[in-house]
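Some structures are shown below for you to check.
Presented sequentially are two complexes of subunit A, the first with subunit B as partner and the second with subunit C.
Up next is the complex of A and B:
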């Protein structure tokens, strides 16, 4: 066989294939979805999920796991719907402070050698509490520019598609092409060798968390742009959705093996799976199970592919 | 006959024939129910009522379809996606019990822009383009004190059982009760506990506060807590006060036992889960072209001494007293809002 895909490309094939398959199935079930408006309706709620998935991916790239993603995005949504609209300067300061806190978390986790799961689980209560303090009852309103941004109608492709492509490209450039991205993935793969090469692991880990904070903030803002208001529980599902999105998109829990484009595709696939099941008229009692089944099928494919990959390397 | 007169006459005929013409005009329309939660007896009864009433309506050809969808998880983002899917599926109206009063506004606006009628009930949405069928929870609280004032003209001490802290419904009912106490100053609320709308929680909470209370003549409640309160009070040597019930089957059954044994008198008030069917008929009327005010108020279901037996017989074990609405009921609600 002369045509051989690189392992990175292989990693992308499965998620892309599953997305295409699912999309074809949805179009077949609901031809109305095959239009500018239809695609936007199918995918616009995937945009904040894609951003949160990229954030989770950055944390996972350094071998950590962020269990506070859902509450953090909810908190940011609350800030966006209140301060960012009424007092933009204070709002921006809070957002910058939140990102700095995220970077600080990365530093603390590294210096004290703490398990990230415990630290972020603890922080999830902090973010949740802050969110409730800001908006004890659902409410607030999205700033006009955010609403405009999320409902803009660009020519050729709907906002949801354009935004997904932009997110994928930017994340790809940062993680796969920049020296910081190489460093972050290096920590996940082999921290000792990165350290021996003269890099500061603390700084790199802080940067990874900080970058994750930036993407999570964008996720919160995007979400409010779509819903027009916020509450302290609005994005709780994002914690698990973002982890599932990374894994579905070809990432792995260890070893700095991540794929930004795959992660965005993973987020789109997860969103689409929900719509697919609803178009199939599957009862709610079965939907969570069916969603899980789709995940397992995709992961089973991945496992098979990994085995093929290993066998070829062993040769 | 001038043209003007002819138009007036035909308009009059059209108005007179309204309930009948409704059957023809919406026969091709599809209505969907978007529901965020199905995990308690109230919601289950709500879905069963929907199925029963809309099933008959579809068979009779009033509408083409009336499908019910429940989200897999009780989350606003999930329901927003569900609503967007309904837009794609080409429904003409969406009847909505919302997970959040505001977080669905974006999706609701998308639906309105696509020309879809959105009617929210119980869990209502604030988006101006949608219709709201709200419950007057304040009045529900106030009417309890009013009832007590008729039974006990001399007044006395009251115990208040509240719902789940921090939920909008709890605040509203409680505000109504306090308004009622202001209106009938012979009553005084001497204690207040959170029963979380659950009999076991209410029983524990009431048992905890009872020793510190003076004599009480009445217990004002929010529903789902009356039976627990009765159990807690029965365990002491206090005289049984008038406990306002909340239409749950166990409450009604206890009331019936007491009524048969020693002529115990009270009343029971709550919202019928069948309000989903009222929302269905309102949506159908809007699709039919009827002018309907954006804010409607749903009547609550009150059970009194004389109709206790019939209501208890119609209530499933472990369920909630229910009433299913007809097209005529919907028309009445629409008219009364004008």
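Up next is the complex of A and C:
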């Protein structure tokens, strides 16, 4: 290798490569997917997953884990399909309240030194309950502007791709370029040194959770834009998908080492894995299992490239 | 120090207190008429959470990031395969149990091989593994609902001296777990690994062996719980393990085990398991709807952890 990459860029190479490989495999199996409509169909559901993954990534950046992501996104979807359409002012107030709750959770977790896994586990029951109260049976309708936003057809590239790029760029600017982002990652790396430097850890942690809440709210809204209706269990699998997306994208559980662009790529990879399997005509029984196998293969691939990289450095 | 005060410093006392209060509030609704029924139901359902919770506790003891997410899939797969193998014949009960344990061993071995060979974080490794195991369960199950052998069905649903049999099994497993954790060198090893893996390695502890044994133990307990649960509920269902994913983590943490690892206790698992069941049944007896019940459950979990967490922070 003559090209010298920064470690941040190196972190992105592996997720990007796995996405490209998977995409190539899909095109090879189904050449018709290589079109505007085809790409949009392939990546449509990736937009809410990418947003949820960014939200999870922000929580993971401060060394925490959010087990309530799935139920929270479902709850937001319920709010979007009911209040946001029928009574926009109340709807917006509820969404703002939900984001404030998230920020509050960050503050409480920090002040009381609580394990984030348990607090978010408890919150997952709360969001689930609120969702059931709002929509006991699947229903509601997406607001027209959300529907329009998710089905708009921009020139050149399909909506799903444009949206993913916008999400990646915005998250990159916030997390990697802003001073708040540096602070959040600093807490993940070494909270004591951040505190000694005169910053308020409580505020930064609250901000990290608040930002996560903002992205998760956007995920719920985007999801309703695609599905047009909602129910309290619509996004339960987002909890595990978002964690897997962050890890696939080169993020780590501890140390504040995260990559927003990688996270979006990770989410796209996970979405694509599902389509890839249906193109392979794998029996429905083994669909989930094959998804697990793909996850393992990608991570093995990452380990292999990491080893190569280390050997290069050693020379 | 006063022994009574010392009792309040044990990490598990809070979960016991909380479950006692909830138990009391529940039986007061019927003015004590339902005491025996509620207690037996609580012991029965808590028993399953205890068995999976114990395994999860050993894994969590290993330190940050160690959580076994394959528990529900393993339960489902073991229950399905065992019932299919036993095929309603009482003579096949023992082979069924052996196959259950073998499934646990295989899943645990695969879990740890992924963690070790591919250096995947345990959460992701066990998650990927659970997808594969879940698929295997779907493939073997095929929507069939085979009944358990009659002797086993009777055993899991009846009582001995007023105590549910599954609760007695759970108690025996708990005693074994307590002995492993507190009285053997293995227990010291996993606590040491949970506190600092590099330090444990320097001290000459066989870190890989101990971690492998822990993942095996957890998977075997999950599969045994699946076996018992399938017999108790009269057949294996594909979603029978799903609620035990969050449950197994919740009972460990509410029971006072440190999430950061290295500090565990067995009695807390019982307190927390009873508590988790009793909260739901209390809210049921008060006739609340599903939504309110979920919200209350969540708020109660958070308040318990805030009480217990604040106490630990003040000691530090």
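Rule of thumb we're sticking to: the second predicted complex is superposed on the first by the 301 of 315 C-alpha atoms of A that agree within 3 Å, B and C clash if a C-alpha of one lies under 4 Å from a C-alpha of the other, contacts with A are read in each partner's own complex, and residues count from 1 in each chain.
Just so we're on the same page, a residue touches a chain if its C-beta (ideal position, glycine included) is under 8 Å from a C-beta of that chain, and two chains touch if they have at least 3 such contacts.
Being a predicted model, the structure only gives us computed values, none of them experimental.
J.: Given the touch rule stated above, what does A:161 touch, subunit B (first), subunit C (second), both, or neither?
T.: Once the two structures are laid over each other on A, A:161 reaches no partner at all.
J.: Does the superposition put A:45 against subunit B (first), subunit C (second), both, or neither?
T.: A:45 sits against subunit B, while subunit C stays out of touch.
J.: Just to be sure I read the superposition right, which of the two partners does A:288 touch: subunit B = first, subunit C = second, or both, or neither?
T.: A:288: touches subunit B and subunit C.
J.: Could you look at A:231 and tell me whether it touches subunit B, subunit C, both or neither (first, second, both, neither)?
T.: First partner only, subunit B.
J.: Using the touch definition from the top, say if A:114 reaches subunit B (first), subunit C (second), both or neither.
T.: The second partner, subunit C, only.
J.: Classify the contacts of A:136 with the two partner chains as first (subunit B alone), second (subunit C alone), both, or neither.
T.: both
J.: Is A:247 touching anything from subunit B or subunit C once the two structures are fitted on A? First, second, both or neither.
T.: second
J.: Determine, under the contact definition given at the top, whether A:103 touches first (subunit B), second (subunit C), both, or neither.
T.: Once the two structures are laid over each other on A, A:103 reaches no partner at all.
J.: Could you look at A:33 and tell me whether it touches subunit B, subunit C, both or neither (first, second, both, neither)?
T.: Only subunit B is touched by A:33; subunit C is not.
J.: Which subunit A residues contact subunit B in one complex and subunit C in the other?
T.: 136, 287-288, 291
J.: Hey, which residues of subunit B end up touching subunit A in the complex?
T.: Counting only subunit B, the residues touching subunit A are 38, 67, 69-73, 75-78, 80-82, 84-85, 87-90, 100-107, 109-110, 114, 127, 166, 168.
J.: Taking the touch rule as given, give the residues of subunit A at its contact with subunit B in the complex, in rising order.
T.: My answer: residues 30, 32-33, 37-38, 41-42, 44-45, 136-140, 223, 225-231, 233-237, 271, 274-275, 278-279, 281, 283-284, 287-288, 291.
J.: Touching residues of subunit A toward subunit C in the complex: what are they?
T.: Against subunit C, subunit A makes touches at 67, 108, 112-115, 117-119, 121-133, 136, 240, 243-244, 247, 252-254, 285-293, 295-296, 299-300, 303.
J.: Touching residues of subunit C toward subunit A in the complex: what are they?
T.: 64-65, 67, 69, 114, 118-121, 123-125, 127-136, 138-139, 246, 249-250, 253-254, 259-260, 289-302, 305-306, 309-310, 312-313
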